[in-house]
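Some structures to go through are shown next.
Two complexes come next, and they have one chain in common, chain A, joined by chain B in the first and chain C in the second.
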Partner chain A sequence: MADVMTPSRSERAQLLLITALALAVILVTVALLLNAAIFTENVATRDTTADGPEAIELRGELVSGIGELIEQQNRQGQDGSDIADSVESGIDEIGPMVDRERASGGTVATLSHDPNDDEMGHLLGWTDESAAFDAIDNETVVEGLSDARAFELNLTAMASLSDPNASQIENEAFGVRFVTAGDNVTQYIYEDNETVVIANATENTDPRSRCTVNESGPTIVDLTGDELRTDDEIRQCYRGLWPDDDPESIAFINGADTEGTFTLTVDEAASANPSEDSSLQVDDAIYSVTVDIGYQSRDLTFETTARVAPGEPR
Partner chain B sequence: MRPTSSTDDRGQAHTVEAFIAALLLISGLLFAMQATAVTPLSASTSNQHIENQQRALAGDLLSTADEDGTLKAAALYWNTSGGGFEETPDGETFYQNAGSQTAFLDSLQRTLSERRIAYNIVIRYHVYNEEVDQPEQERVTMVRMGQPSDNAVTASRTITLSETDRLTGEDDCQLTDSDCAASFYAPNFDADSQFYNRLEVRITTWRM
Partner chain C sequence: MSRLWVDHRAVSVTVGYILTLGVAALLMGVLIAGAGGLMESQSKQVINDELTVIGNQLASNIHEADRLATVAAADNSTTAGESGHVALTVRLPDRVAGTGYLIEIENETITLSSSNPDVEVTVSHPEVQTEIAPTGQLNSGDLRIRYDPENTRLEVSS
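Here is the complex of A and B:
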C-alpha cells in the first residue's frame, strides 16, 4: 500500500504543476475581472448630462443662424412690417428643420417665436465709400439712443499723422464720439507709419493708444465687437472700443480726410440725423427677436429663451 | 553506503522546486498581462478616452471652422457644371484624397491625417419630397476615405445658408441664380425670406 503521508518525488511535481496552473488561472481571472470592473465603472459614471453641451450648442447655432437671417433681411431695404414678416417666415421654416435634424439622434428640439416680442429699429448705413465723413462732420449721427449693435466702419482712407501729440490727435484724427451719462468717450482713428491706431480719450483724459493693426488695404473697425481687421490680420481690442456706459448719442468729428462705409443698427426710438446731401441712409430694421428653444433627450430637458441681436456689445 | 534520499538531496530538490514555482508564477503573471493588454482598438477604458478625444477634436475643428467661415466656404465649394465639389477627380463628386482643396479640408489634413486618423464628411440638407408631400433630409458626400471601423466617432455642426450666399468655387454665383440653383445640392427652402437651407456637416473619424 502506498504511503500517503510521504508522497513520492513524482507526486510532488504533479502537485506543483497543478498549483502553478491554478495560480495562473486565478491571476488571469483576477486581471479580467479587474479590467471589467474598471470598464463598468467608467461606463456607469460617464457624465449623465452628456447632452448638456449639445443643448448649448443647439442654442448657439440657432442664435447664430437667426442672427444671420435678421442681418440679411435688414439689408434688403424693405419696410419694417415686410422685414418682420420675412423673418417670421424664415424662423417658421427653421423650426421644423431643427426638429427633423435632432430626431435622427433620438432627441426632440423645438424652436418657437412670438413676433410680438420683436424689437424694431433702424439700420444706418453709409454706402458711398468715396465720400468723406465730413458730410456729418461735428454732427450727431444718431441720438436718443437706448440700444445699438453691429457698429462697423470699413475705412479706405484716413488722416495720416506721424507720432502725433494729444492736440494733433484731437484736432486732426477722425473720431467717433460716444455721448454717455458719464464722461463722453471718443475713439480717434488715424494712420501712423503704416499702422492704424485707435486712441481712446475722455473729457478729462488725453488720447491714449488703445489698439493698433498693421495697415493692409481697407481697415474694418468693429466698435461693438472690439476688433480691428485688415486683409491680413485680426486684432482683438478686448473691451477697448465700446464705452462702459451706454451711449445716448454718437457723433463723428474730423471726418474730412476719412473715407469708407459704415453700418450701425439702433433701436426704434433712436433718431438718426441724415442731412440732405450726406450718404447716410436710414432704413427700417429689426433690432432683435426673441425665440424659445427647447431640447429634450432621455436624460435632459433644456428650455431657454434667447434674445437674438447680432453684434450687440459685450 | 549512503541512503538514497538523504537530507542534503531533499534541500536541493526544494531549491529546484522553488525556482520552478517562481518561473511558473512569473509566466502566469506575464500571460495575464498579455491577455488583458489594452490596445487603442480594444474595447476598454483607454479606447473610450481615445474616442472621446477624437470626438472633441472633430467637434472643435467644426466649431472653429464655423466661426471663421471656412466651414460654410467648404460647403459652398461646388462646381455647377460638374455637379460635384470643386477639384474632385473626373467622374467623382467627392474627395477621396482630401487635403488642400479648401481651408477647412486643409485644417483637417493638418490635424487629423497627420495623427493617422481617417475621416468621412457628409452634408445633410433639407428637401421637400413632392411625392409624399413631406419634408425630408438628403445627403451629399464631401469626403470619403473608406469604411469606418467599429470604434469610429462622429461630430456634427449645422450651418444656415442665406439666399445671398455665393458659391466659393470658380462659378461664383449667388445661390438663387438660376445656374446655381439648378446644380447646387441644397434647394431654396423658403422663397419668402432670405433663409435658404440648413446644412448639417457630419464628420466620422476613426484610427487607421
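Here is the complex of A and C:
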C-alpha cells in the first residue's frame, strides 16, 4: 500500500495544481470576455462610418458655387469666349481655396475643369417690366430646343379672372406652351380672388389648377424649379410646372395683360425668335460646365465628374 | 497475508485521506465543469453581441458607399462617362473574443459566423440603390468597398 503520508513523494498536491491551473485559465477567459464586452460597447457607440456626408457636401458646395459663378458671368452680357474665360479663371480660384479649407480637417479636396467640355448656350431675357408679353404673343419664344434651364418669370401684372371656366382660362389667361414630341403642355397663369393660379392643360385635357400662391407683390414663377414665390411665401409645385417630355419649343400665348420679366437659358443650337420690337434680349451664355471633384480622407476616396447646369429641370 | 486483514493500524488515516481527496476532486470537478459551461455560454453571448455590432457597422458603411455610388452614377448619367470612383475602407477587428470570424454579404443581409464556439449572426441592411456583387465568405478584418462604374455595382473585398 502506498504511503501517502510520506512527505518526500512528488505527486503531492497535483490535484490542487491542476485545479488551480484550470481556474487560472477560466479567470483569464473571464478577463478576455469582459474585455471583449467592453470593447463591443465602445465600438457600438462609436461613429465608424467614413466621411461620406462630407464628400457629398463638398460636391454640393462646389456645384452650387460654380453654378452661381456661371449665372453671374452669363448676366454680364459678354461674348461667349469672354464668359468661358471668366468662368475658367473663377474655377481656377475656387480649387485651391477648397483644398486649403479641407486640408485643415486632414482631408484632400481637388477640383479640376476642362474648358473643352463646356457647353455654350444663349441667355434669353425679357428686361422691360412695363412691356406686356404680347410683343411675342402667340409667337414661339425659342425653338429647336434640346436643353433648357433656369426658366423664371417675374410677373408684376396678369389677367384677373374670377372663378373662370376652361374656355375663359384658355382664351384670357397668359400661357406658357411647351411643344414636345408628345402632347403639348400649357401652363396658364392668372389671378383669381387675390390668388395666383397655375393651371395645367394638354392638347386633350382642359386646364386644371396645379399650384397656387397668395398674391403679394410680384410673383416669381420658377418653371424649371417647380416653385412659386412671392414676397411672403414660397410654394413648391412638385414637378408640376415642367413637362415630362423634353420641350422642343416654347411659346407665349395671351400675353396682352401680363407684364414682368423672364430669363431662360437654352443650349447653343436652340434659336430664339425675338420680334424686332420686343424686349426679348438674346445673349451668349455658358449652358453648362463639367468639373472633376475629388475627396480623399483616411478611409475614403471619392471622385466624380459633375455637370454643372444651374436650374436644370429635375 | 492473513495478518494484514486483522491488522487495522493506520487504516483510519488512509481512509480519511482518500475521502478528503475524493471530496476535493468532486468539488473541483463540479466547479470546473460549472465554470466551463458558464464560460462557454458567456463566450457565445459576447461573440454574438460583437458580431451584431460589426454587422451593423458594415451595414452603415455599405449604405454610405451606396449613397456615394448613387451620386457618382447620377453624375455619370449627365456626363455620359464612367469616371466615378468610390473606395471605402471599413475598419473591423480581426478577432472577436479571441476567435476569428467570416462575413458574407447578400442582397439585404450580412451573415457573420464564428466556428469556435459556433455562433452565426444575421444583420439586415437597408435596401441599396447600387447592386452589391456577390462576395462569398470574406475573412475577418478590414474590408474594402469599391464602386465599379462600368457595371454600376459595389464590390466588397477583404
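Following the convention adopted for this analysis, the second predicted complex is superposed on the first by the 265 of 314 C-alpha atoms of A that agree within 3 Å, B and C clash if a C-alpha of one lies under 4 Å from a C-alpha of the other, contacts with A are read in each partner's own complex, and residues count from 1 in each chain.
In the analysis below, a contact is a pair of C-beta atoms (placed from the backbone, for glycine too) under 8 Å apart; a residue touches a chain by one contact, two chains touch by 3 or more.
Remember, it's a predicted structure, so these values are computed and weren't measured experimentally.
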**Study point:** chain B versus chain C as contact partner of A:A269, first or second or both or neither
**Key:** neither
Practice item. Applying the touch criterion given at the start, work out whether A:A44 contacts chain B, chain C, both or neither, answering first, second, both or neither. Key: second
Check your understanding: Once the shared chain is lined up, is A:F302 touching chain B (first), chain C (second), both, or neither of them?
Key -> second
Check your understanding: Can A:E61 be said to touch chain B (first), chain C (second), both, or neither?
Key -> first
Practice item. Tell me which partner A:G52 touches in the superposition: chain B (first), chain C (second), both or neither. Key: second
Practice item. For A:R100, select first, second, both or neither according to whether it touches chain B, chain C, the two together, or no partner. Key: first
Review point. Can A:L23 be said to touch chain B (first), chain C (second), both, or neither?
Key: both
Review point. Once the shared chain is lined up, is A:A256 touching chain B (first), chain C (second), both, or neither of them?
Key: neither
Check your understanding: In the superposed arrangement, does A:L32 touch chain B (first), chain C (second), both or neither?
Key -> both
Revision key, fill the gap. Dual-contact residues of chain A, meaning touching chain B and chain C, are 16, 19, 23, 30, 32, 39
Check your understanding: In the complex formed with chain B, which residues of chain A make contact?
Key -> 9, 12, 16-17, 19-21, 23-24, 27-28, 30-32, 34-35, 38-39, 42, 61, 64-66, 68-69, 72-73, 75-76, 85-87, 89-90, 93-94, 96-98, 100-101, 104
Study note, to complete from the structure: chain C partner, complex, touching residues on chain A are 1, 4-5, 15-16, 19, 22-23, 26, 29-30, 32-33, 36-37, 39-40, 43-44, 48-50, 52-53, 55-56, 59, 290, 292, 298-307
Review point. Can you list the residues on chain C that touch chain A in the complex?
Key: 13-14, 17, 21, 24-25, 28, 31-32, 35-36, 39, 42-43, 46-47, 49-50, 53-54, 56-57, 60-61, 64-65, 67-68, 71-72, 75-76, 78-79, 81, 83-91, 93, 96-98
Study note, to complete from the structure: The residues of chain B that touch chain A in their complex are 13, 17, 20-21, 24-25, 27-29, 31-33, 35-36, 38, 43-45, 48, 66, 124, 126, 135-137, 157-160, 162-164, 189-190, 192-195, 198, 200
